[in-house]
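The following pair of complexes shares a single chain, chain A, combined with chain B in the former and chain C in the latter.
Right, the complex of A and B next:
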């Protein structure tokens, strides 16, 4: 029953969007009525999504999709998140978020009616494309041909709270760029004043903030669930999410420069189209199964081809309009040796180079395989030695960019900065002499601390300190950059200064970590609702009264016959102590302990970036 | 004027720590060299995991081989070459700098040069 409701409302919503799309040419109607239709179609799409979710919650195995991906003894939260833990459901989620964005956009005030309408028509067009994709290749409402009362279960690695919220947040970022795309295309068609750029700025900030959150959730999940001790692996799927993120960052920054300069307008439109194209392209790469990863679910060539088609339509259409309806002749940029405009231009160039490099590195193995029938890998070392050096000048620049002037190339208080930089370099050099010296460690720490320090100097020397909302809005760019600085420090420390200790232990053994005694108490096995767990219990710092207990082990999921590793992490503000329980041999357990310094700084930095993303949305 | 000071100081700092690096580079232990090398090798039986990070049987074997070969005094390049011949280039996370991969390695730096030119040209026209 719910499947029927879901399918019908999905099809009906596509129908309405088709009608709206045609309304540009045939049956024109008023704005009021138009917006009502848009909202109605959004609600229908949501109805469709929630009826799928309902089927998951009540474990309705007459739905083939539920049968394939769910099991009646899962906890409720994983029944709900199971809705998007598979290809069909996640595409429906994609479409629902698209229609939610249209829904909210239809309420936007202070833009021209025609402009809003055109934007929504382009949204309707995208809705039709992705809607048809779902109906024809990935229908989540197929009926199970046999009567059955148990399902096959959800991939246990996805049964995790972090991963339950990761896809919706990430998709909100990806799909949010659809609105930015539509606004940019509508802007090209109408070629009106620059008012639309402010609207685009708002929506691109919203999308970027969601994307940041989504990527961070995913990488935090990888940190504690994969049990490898790292949080970023330059996995193709991670790269794919990073591309629209960096391009989106470039977009947000170039939207700062909007002051009616045509050259920049062209560039903004280009970036808007690029961001959404990269989002769709990412979906294609992940869903087609060309890249194998946790995300690729069941691979099916016909889906890949269909998404590739959508990608070519969207990108082709976007860039075609861009070429034909190019904004009018450009003014020259006010580039001086070092002023705000040149800083922003350089930052944009570097970000685009980084994006394209990641793109090339990600698809290069595919190209080589097609051309030479040979498999090669392009992994972390490649990206580390290309993308990071390219970004370094950008990082240096961002420390002072927000206080540069638009017009002149004078830097206020430049002596302070030079002095601060010298003192900082000496301090970091001395620090690195006593610790293990490492080039990357040195560069990373210097950059990170320099960004933080320069931003703080800038805040204190350029503005009057007040505690009110307006002040926080003014210093927001600095705050965002401090977030980046903190994250860089965290990234550097946790990757360069990571320490590994290996032990072979029997139950009851004591061992030493950084001078603290740790007791390997016991091994415990328990039966949970949907898995069996094996846990090694450790007591950290037993000499103290408040010793901390850490559990590390493995889970066995009988339904899907899979073993997942569950790392035990002791979080401290300045380091994470990361326990991995290995295999048993001769009555001894292999235990790996990683000491990751300052990991918490990464997440703190990301939280600050998300915060300033949100603040920036409220600022005009 | 001010900014040239800034760059000069930056220059000196960079030279300073490069000197440090070369001094300390030679003091690496065998285990550190094994770590550095195995971090750049793919565990063929895992999903996008490096041999260093993995505890799979395959990875442990390769770790042993690498350590043995380093102790015998083989260079990192030779070891990589040996592994690539045995398991295919797929095992190398850092693609070889050969004819096939010229584009891959030069692309970012070509873009960088183009970008630099763009900025320089645009800056000049303004001054003139």
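Right, the complex of A and C next:
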């Protein structure tokens, strides 16, 4: 029953959007009515999504999708998250988020009616494309032909609270760019005044903030669930999310700085199209199963071709409109050796190069396999040695960019900055001399601390310190950059100064980590509701009274016959101690311990970035 | 010049779409890497017959004749799907040697399976512990290998073969 409701409301929603799309040419109607229809179709799409969720919650195995991906023994939260833990459901989530964005956009005030209408028509067009994709190739409402009492279970590696919320947040970022895309295309068609730029800014900030949150959740999940001790692996799916993130960052910066320059406006339109194209491309790469990664779902060529077609239509259409309706160039850029505009241009160029570099590395294996029928994999070494150096000049610049002037080459208090930079360099150099010297470590720490320090100097020397909301809005760009600086320090320390220790231990053994005694207490196996767990229990720092307990082990999911590893992590403010329980041999367990310094800084930096994203949305 | 810059995204788009489409249409599956064994000599094996433990087949026995090796099991439902096709192959190419390896199966189950669905193989070898499959690099059942007269693997297919695969990929090699 719920399947029928879901399917019908989905089809009906697509129908309404089709009608709205045609309304531009045939049956024209008023704004009020138009908006009403948009909202109605959004609600129908959501109804469709929630009927699928309902089928998951009540374990309605007459639905083929539920039967394939759920199990009645699963805890409620994973039944709910099971809705989008599979290809079909996640595409429906995609469409639902698109609808939600259209829904809220229909309430936007302060923009011309025609402009808003055109934007929503483009949204309706996207809704039709993805809606048809779901109906024809990925229908989550197929009904089982025979009666079945039990499902086949969900990929156990996805049974994790972090991962339950990761896809919706990430999708909100991806799909949010659809609005930015539609706004940009509508802007090209209507050549209105600059009002649309402010609207676009708000939406691109919202998308970017969601995307940041989504990527961070995913990478935090990889950190504690995959049990490899790292949090970023240059996995194709990670790269796919990083590309629109970087392009979106360039877009956000351009939007903040645009003051009517046509050249930047043109660039903004380009970036808006690029961001959404990359999002759709990412959806294609993941959903077609064309790249192997932890996210692999069953591959199906027809689906892949369909999304590729959507990607081709959307991107081709976007860039074609851009080509034909290119905004007229009237006033030129006020480029000086170092002012706000030139910093913005450098920032944009670097970010685009970084995006293209990642794009190349991500699709290179596909090209090679098509041409030479050889399987290669492009991973960390390529990306680390290309993307990071490309970004470094940008990092250097970002610390002072917010205080650069529009008109002149002058930097206020430039002496202070030079002095601060020199002192900092010496300090970091001394620090790295006493620790093992490592070039990347030195560069990373210097950059990170420089960004933090310069931003703080900028805040204190350029503004009057007040504690009120307005002040926080004014210093927001600096706060965002401090977040980046903190994250860079965390990234550098946790990757360059990571320490790995291997042990072979029997129960009751004591061993030493960083001068602290650790007791390998015991191995415990328990039966949980949908898995069996094996845990090694460790007591950290047993000489103190308040020794900390760490559990590391594995889970075995009998329904899907899969084993997942569960790392045990002791979080301290300056380091994570990361325990991985390996295999057993002759009563001895292999235990790997990773010491990851300052990992918490990465998450802290990301939280600050998300915070400033939110603040920036409220700022006009 | 400016025109070319603006055209670049469209050109990149075309290139990406071209390669992605070719990849998708080529039927490649990223989870199934090109076999390392292709064009290599068939791994050496020795196996007893399912029906008579005294009857033994070795690598040397398939020398000088085209052989189709198929890994199957009674517990493998996709194997059931491709099963009838082997009768077709056997009928159409009587000179082709059909060698089935029964993978990790109790003998009684395997016998019953071949009784119910018929036995298309010229020889059914037992691979009770999966060691032969390991040598061949079998990922999952069913898997099918074509060996030429020189004892080289010239074709490998994972998953149940279909009429299309038979017609477009196997028959041209026979």
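The rule we apply is simple: the second predicted complex is superposed on the first by the 619 of 620 C-alpha atoms of A that agree within 3 Å, B and C clash if a C-alpha of one lies under 4 Å from a C-alpha of the other, contacts with A are read in each partner's own complex, and residues count from 1 in each chain.
Criterion: a contact is a pair of C-beta atoms (placed from the backbone, for glycine too) under 8 Å apart; a residue touches a chain by one contact, two chains touch by 3 or more.
This structure is a prediction, so every number in the text was calculated from the model and none was measured.
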{"item": "Side-by-side fit of chain B and chain C on chain A, or clash", "value": "fit"}
{"item": "Contacts of A:76 with chain B and chain C, given as first, second, both or neither", "value": "neither"}
{"item": "Inter-chain angle, chain B to chain C through the CA centre of chain A, in degrees rounded to a multiple of 10", "value": "70"}
{"item": "Which superposed partner A:390 touches (first chain B, second chain C, both, neither)", "value": "first"}
{"item": "Per-residue touch tally on chain A - higher for chain B or for chain C", "value": "B"}
{"item": "Which of chain B and chain C A:529 touches, first, second, both or neither", "value": "neither"}
{"item": "Minimum Cα separation, chain C to chain B, after superposition on A (Å)", "value": "8"}
{"item": "Contact residues of chain A, present in both the chain B and the chain C interface", "value": "292, 374-375"}
{"item": "In the complex with chain A, residue positions of chain C that touch it", "value": "6-7, 9-10, 13, 16-17, 19-31, 33-34"}
{"item": "Parts of chain A lying in touch with chain B, wherever the complex brings them together", "value": "228-230, 233, 235-236, 292-294, 332-338, 342, 345-346, 349-350, 353, 356-357, 360-361, 364, 368, 372, 374-382, 385-387, 390, 411, 414-415, 417-418, 421-422, 425, 429, 432-433, 436-437, 439, 442, 582-583, 590, 592"}
{"item": "Contact footprint of chain C on chain A as seen in their complex", "value": "270, 273-274, 277, 281, 284, 288-292, 296, 299, 301, 304-305, 308, 311-312, 315-316, 319-320, 322-323, 326, 363, 366-367, 369-370, 373-375"}
{"item": "Residue ranges of chain B in contact with chain A within the complex", "value": "2-3, 5-6, 9-10, 13, 16-18, 20-21, 24, 39-40, 42, 47-50, 53-55, 88-95, 100-101, 104-105, 107-108, 111-112, 115, 118-119, 122-123, 125-126"}
